[in-house]
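Next come two complexes, and both contain chain A; in the first it sits with chain B, in the second with chain C.
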Partner chain A sequence: MRMVVLLICIVTLGGCEREKRELRLDPPVAAALDKIALMQNRIAGAPPQVYFALDRPFETNAYNLSEGKRLYTWFGCKGCHGDGQGGIGPSFLDGWWYYGPEMVSIFASIRDGRPHGMPAFKNKMTTDEIWQLAGYVQTIGAYSAKTAAPSRNDDKQVRPSENRAPAAILFDQGPTPVHPDQGPTP
Partner chain B sequence: MIRRVARLLALLAAISLAGCENWQSALQAHGASAISLKHLIIFIVAVCSIVWALVMVAMIYALARRRAAWRAPTELIPERERRMGRIVTACVGLTVVIISIFTLASFFTTRALSVAGSDDLTIRISGMQWWWGVQYLRPNPKQAFDTANEIHIPAGRNVHLVLEGDDVIHSFWVPSLAGKQDLIPGRINEITIRAERPGIYRGQCAEFCGLQHAHMSFFVIADEPQDFERWAAAQRAPATQASDEEIAAGRDAFMSKPCAACHSIRGTKATGTSGPDLTHVGSRKTIGAGLFETTRGSLAAWIADPQTLKPGNNMPLVPLAPEELRAISAYLASLK
Partner chain C sequence: MTETIARAETLDTELDGTRLATALAQTWKTERGLWGALTTVDHKIIGRRYIVTAFVFLVLGGVLALLMRLQLAQPEARVLGPDRFNQVFTMHGANMMFLFAVPVMEAMGVYLVPLMVGTRNIAFPRLNAFSYWIFLAGGLLLWIAFALDMGPDVGWFAYVPLSGPQYAPGKRADIWAQMITFTELAALAVAVEIVVTVFKQRAPGMSLDRIPLFVWSMLVTSFVVIMAMPAIMVASTSLILDRLVGTHFFNPAEGGDVLLWQHLFWFFGHPEVYIIFLPAVGMVSTLIATFARRPIFGYLALVMALIATGILAFGLWVHHMFVTGLPRLGESFFTASSMAIAIPAGIQIFCWIATLWDGRPVFKTPLLFVIGFIVTFVIGGLTGVMVASVPFDTQVHDTYFVVAHFHYVLIGGAVFPLLGAVYYWFPKFTGRMMSERRGKWAFWLIFIGFHLTFFPMHILGLEGMPRRIYTYQPDLPWHGLNLFVSASALILAAGFLIFFIDAIISARSGNPAGDNPWDAPTLEWATSSPPPAYNFAHIPVVGSAYPLWDQPGSLNVASGLHSDRREIVITTITIAEPQARESSPQNSIWPLLTAITTTIMLIWSIFSPWAVVWGSIPVAITLIGWFWPSGTPEDEA
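Then we have the complex of A and B:
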């Protein structure tokens, strides 16, 4: 009996570990995170080694995703992309990534801008902020739900929430898909 | 033994009294609402103290009294029973009367707080994690202006505050001037404050709002009416021009770095609205919502590493070269 109680205690205590919030990235780490290796056409590439050493924090950490969600509003992304539905800018929910769904591509899009209207944010945001925002944008356009999700909305939901992989739900397979050259599944 | 207890009590009193600085205490009331609240507090505490003392006296008397020799402990003496019944009924009746008086006193005091009239000075206060946005609304929109974490009001006048929460629920509390009022996202609360005499009154967020709730304070500064008008005219004006080379370099660095994306400095290209308005940051008493006194040094320390000084706040660590940091801190300190 005593052993059972002890075992239950140990198992329960295992649940007490809280996700770590990295509030302050060391300046050298932040500087290293800026050094992404992009392909010639500025689509896809490799994040710096430090990104993997930190265990891909901007994709898997709920605090970073929440910060990204705040920055999405702060820096006016909604003005062109709406809540992901798009508008003046492309949608994140239609299962189509112009520059691929990799973090480096999204990071590069935000940092350096893209042709046809996407402005560069490198003089407006710090490197870690851009990574956080990229992580959030990837989450709303992801084809499968991540294990981590940002905080809930206080205002009305206009699309499925981030933890349900809205792009996978809203992906339109046809017969007249948004992008004629897309594949049958995301 | 007695001396030791006395010494301990004196020490405890000294420690608790040390917390009673004058600028943030409901017992140092300098505003109309706070004065009536203070009277209510004193009234209730006084009545409760008297009741408590009477109960203690009755209890000590009952314990110390020698019990009369009864013929049998279970025997009922009708006359004694009747007397005891009357005493219990009287005590219950008195309790009901006292609580009713408290309820009425509390009701009328609170009602008087909410009907206080107001005049043309309206200030919108936005609670954000973890600072206070302050917007002076004037009938003529050209005279409206923004500031942060420091509210100047003219002494002796009713000032109407419009309270809004931007992210989570906060609570506006200046104990020396008024009671608490919450700032709730998506709705507008109002409170009218009035400082009877000029002075500096400290306020504090009174609703737990996250990591840095404790570092979300502000000052209400009540000025003589003519001083207030002079202050308002100075705050309305755009930022002062750079007076030397270093300050001009600081201004240029500020505009080209992420600073300008979140902060406004009126009269320049910086028009961000996510962070506090910095047009006259050098004239404010504190930075970081009461975190440090405003000096060039504290500004530089804050810019260099905001996440160590106030972990979790929304200002990022912006990498700057040493000379840029020096110039930007000189520039911000010059914005009087």
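Then we have the complex of A and C:
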């Protein structure tokens, strides 16, 4: 009986986090979320404590991921990255992350920009918007699908939707071999 | 040879009254305790369970309604936030339609139809048990999801693209869609059982023109269910597919169609209204005949009106879509067909008034609810004719006028008769009477509370208040009426509270009822209250539509059934001549197990399409268990 109650509690907590819709973050929380600790080379690092205290909401929460998808369109990411296939900018579906697949790296790329054309968005988007977008971008390139990931848009289909793990389905190493740093399998 | 002799001794002609009753009770009994509760296939136990569960959902949905009224009582209130409010109104609608209104009507049929046609159990009793478990699972799915902040928030009709993959993140809309699958499965199962029970298990002599009107109404309702529910199951499954595997049923960019959803939904959704209303028509016809102390006026006209309503129900779904931009001819056609529904409804109303007029009405609580029904339903019908006209509908679309209209027809047209029916059949269900005094209090509080709550909503709608808003600004002219509506809702809630208190108290300590406390004419009153497991010791033979009035004292009965196995009489469809003795299945745990495996498959399939493949294996195993011959006497057909 106690196990059942415990199970219900766990499911309850899980459900709450996954489906919660935080329409507006508390300003202090949003400020704290901006304080990421990056490595010297601006690749990888640690998100702020509050990110874990919130239970990594931008990776596991369906609403945040779906908002990220809308921001992806609204802020013109498609202009360079297409629907994840890349273009002027790098692809998110090819199994290769220039700066690693960690949330902080993606967050830093969007916030501060990167060399060779990636602009900084810190003056155009709020901190939680950048986090939402980073979570979504990570979802595009994820090899195992999350149930919280968004599904297709009401548009022309160009690739399988995010919850079908397009990166795993479409992975194509192309004429050039996999980058030596990447290892044998994605 | 010896076996034949032994079998012959179990015939009901060979046994005297008490020995027959003991033998039948032994054959038809449900074990006491948990195992008995889980394995029973007795239509009375399942029907009672169904009714109680549906009323629990009514209470839960009512609490949500009160929450919304609390939020809307004043401008800019902070009781519920916008996100929670979206969930609450969606839950209220979905819960009331799919977990209360349809199941409770079906449940009344499950309990009463076999008794009213004079048979010992419903057709396909194990399917009946399965149906209840599936219904319960669907209800739990919806409410547990709501408790997890996963409650659907896209409105009870879940229009795409709002409910589609792009605009409804997470699993909230999937929960709604899958809950639909559960309740439709349950409803379809009951519909099939009732059709077969009515067509093949009627008491000998109960020709088509002697069927009680409630049974007629359940028959027509069941056909409407069988034809309407597949549309919504297709729609909700397509929605889940769009959302989960990225199909394009409702994606215009890939050749899908957004309006397709509305057509599929309302092709079910409008008949749904009659699925709720037609049983109520049957209840009213039954109650009025009993309390007016005369046969119903215009039996044939009432049956024809039932069938006409059932057919017309499929020809007017487009009136829910008048503002989607239809061609002029389409608008005119569906306006005309919507108004045509007033003809059978009018015939029914006039038949009931004529019966009351010519009878000697006894104003007990059930009849009060019927009178309340006639008044309320006529008002709801009038606003219905108003919104059937395109220019008017365009004006009030999605306003509180529509909210007022459909609460008048649904509460007025179905809940009032249902409460009357509960007061009427409660003695049969429990063996005890409900209190007349508390019943009158409940009626007047509900009736007055209802009109004070919902009538002002017409005015709010004409003043432009949209439905489904979670708050409004103080400078809008709505807050006075909203406060009044919220206060009146408390009167309505108090009435329901008294009703439930009365039901609970009466079930425990009401006055013993006797077999036929209302001196009613139909067969369910020919057996004891509550009925024994086998319903009737001898299957009655019917010579008129009102057997207990026309053959007072003693009914003719049929004999020749075995008492050592569950046996029922099969009769012909039109004139109900006996055709065969047929066995009726014994208790079984397999319906519950099948319901559990089906539930696992359906819920899992919200998260992964592979659930349909792997999840169907346990379903197949439990179904094999269900139909495996068990060597009981019932297996010999």
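Just so it is clear, the second predicted complex is superposed on the first by the 156 of 186 C-alpha atoms of A that agree within 3 Å, B and C clash if a C-alpha of one lies under 4 Å from a C-alpha of the other, contacts with A are read in each partner's own complex, and residues count from 1 in each chain.
We take it that a contact is a pair of C-beta atoms (placed from the backbone, for glycine too) under 8 Å apart; a residue touches a chain by one contact, two chains touch by 3 or more.
Computed from a predicted structure; not experimentally measured.
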item	value
First, second, both or neither for A:75, with chain B first and chain C second	first
First (chain B), second (chain C), both or neither touched by A:60	neither
Touched partner set for A:27, first chain B, second chain C, both or neither	first
First (chain B), second (chain C), both or neither touched by A:129	first
Partner with the higher number of touched chain A residues, chain C or chain B	C
Partner chain(s) touched by A:154 [first = chain B, second = chain C, both, neither]	both
Partner chain in contact with A:85 - chain B first, chain C second, else both or neither	neither
Contact residues of chain A, present in both the chain B and the chain C interface	21, 23, 154-155
For the chain B and chain A complex, residues of the former touching the latter	185-186, 256-258, 260-262, 274, 305, 307-308, 311-312, 314, 316-319
Chain B-touching residues of chain A, taken from the complex the two chains share	21, 23-25, 27, 30-31, 70, 74-75, 123-126, 128-129, 154-155
Touching residues on chain C, where the partner in the complex is chain A	81-83, 145, 147-150, 161, 164-166, 169-172, 242-246, 248, 250-254, 607
Chain C-facing residues of chain A, complex	11-12, 15-16, 18-21, 23, 62-63, 65-67, 147-148, 150-157, 160-161, 163-164
